[in-house]
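The structure that follows is given in the form of structure tokens.
Just so it is clear, A, B, C and D label the chains in written order, and each chain counts residues from 1 on its own.
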Amino acid sequence: MKLLYFAWVRERVGRAEDEVSPPAGVGTVAELIEWLRGRGPEYAHAFEAGPAIRAAVDRRHARPDASVAGAREVAFFPPMTGG
Amino acid sequence: MKLLYFAWVRERVGRAEDEVSPPAGVGTVAELIEWLRGRGPEYAHAFEAGPAIRAAVDRRHARPDASVAGAREVAFFPPMTGG
Amino acid sequence: MAVRLQEEPFDLGDEVARLTLGRTDAGAVVTFSGICRDRADSGERLVALTLEHYPGMTEEELRRIEAEARGRWALADSLVLHRHGRILPGEPIVLVVTLAAHRKAAFEAAEFLMDYLKTSAPFWKREETAGGGSWVAAKGSDDAAAERWKA
Amino acid sequence: MAVRLQEEPFDLGDEVARLTLGRTDAGAVVTFSGICRDRADSGERLVALTLEHYPGMTEEELRRIEAEARGRWALADSLVLHRHGRILPGEPIVLVVTLAAHRKAAFEAAEFLMDYLKTSAPFWKREETAGGGSWVAAKGSDDAAAERWKA
């Protein structure tokens, strides 16, 4: 599974992407975030904002309870500020 | 008092303007219209639409009960269709 | 802040460029262009529109409408430009431009200006078709659109 | 019907001319231009904005937003154009153009497109000031503006 980070999530994690294989218990966006927070202080810092962080699964906006099963690409980012 | 006519009001009256001196009893837009209807068949035809005709007194939109006392210019026209 | 009445066509890009040149305080620019369509209200093919207006009152009314919009919204600038005379299908009839710090004011003011232009500026459209010509009837929907700003 | 993502500035007049050329069926053209202002949200003088986006998803999301607008309103055509990269004060950031037979659809669709762009297209603005830089915080008013279309 490819993970992408944008804006200040990217800056806090310290890289733009990761390739990961989460354990079987990680089935949702929220569970993936929880698992990432245990990967190191930079992840804990990046994801401490909790609900303020948005996610997209395979390039579609996804809520915390959305499934990540079979996803090829999961992205994490702050609320959008375009337009 | 100068009277101006626009669009189909002008076409029905057959001219774009008139110079008139209405009698003392004509104090409002509605009374002026009533008086004009008696001036001839072209006026009767132009003003038969009654409430569909709008007026401006000295270049400001005016309701039927608006005063025409002292007015220099009164205009009559159909509802506007610009924009 | 300007109103203009003219017979000649205008260019949207030029008008907006003139209003925005060198400005860095207006984050939102909304434009409305009204274009002459190729169909009369009857459905017949339209040859041309002729816009009659009330010289003298028209300019005053456009200024009143623009002043009203600027009293209601914090606009950085605005333009109301209306043509009169003969207008061919595809040509522009009217242009409204609003500049504001944020989009809500710019959108609302542009809609307000158009609703008031339609119902209060002394213009009358005559449609010319192969079968002759006729004055366009005012639309109840335009009165309703203008009414909403009075609430 | 088009969406475009580009680094280069664009010209409003050129874009609208391309959409309207030879058309005589759309009586209403609304444009919204978002311009880079000279002040950061903090009030400091802004040196530049940098717009980061999510390549791949951005294009898909712009297309989804435009398709949603075209499902809700009878648009003759539409354009959504968004820049990314470094943008200087006074430069345009985003352009939305809507063409419709009448003004109500054109205005509503343009507002809808902007509200959705603000809250759903994956762009993030970073403000560069003399004192450094910071990511722009999302505005609750933008979420509220987008919510109204769900009623």
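Remarks
One rule holds for everything that comes next: a residue touches a chain if its C-beta (ideal position, glycine included) is under 8 Å from a C-beta of that chain, and two chains touch if they have at least 3 such contacts.
Since we're looking at a predicted model, the values are computed, not measured.
Among the remaining chains, not one touches chain B and also chain C. Computed from the mean C-alpha positions, the centre of chain A lies at a distance of 72 Å from the centre of chain B.
Chain centres here are Cα averages; for chain B and chain D they lie 48 Å apart. Averaged C-alpha coordinates put the centre of chain C at 23 Å from the centre of chain D.
Annotation for chain D: residues 34, 114 touch two or more other chains. Multi-chain contact residues of chain A, defined as those touching 2 or more other chains: none present. The chain pairs satisfying the stated touch condition come to A-D, B-C, C-D.
Those residues of chain B that touch chain C in the complex are listed here as 4, 6-8, 56, 59-61, 75, 77-83.
The touching residues of chain C, when paired with chain D in their complex, are 11-14, 16-17, 20, 22-39, 89-90, 101, 103-104, 106-107, 110-111, 114, 141, 145. Interface residues of chain D facing chain A in the complex, by the touch rule stated above, are 34, 51-54, 56-57, 60-61, 82, 93-94, 114, 117-126, 135-138, 142.
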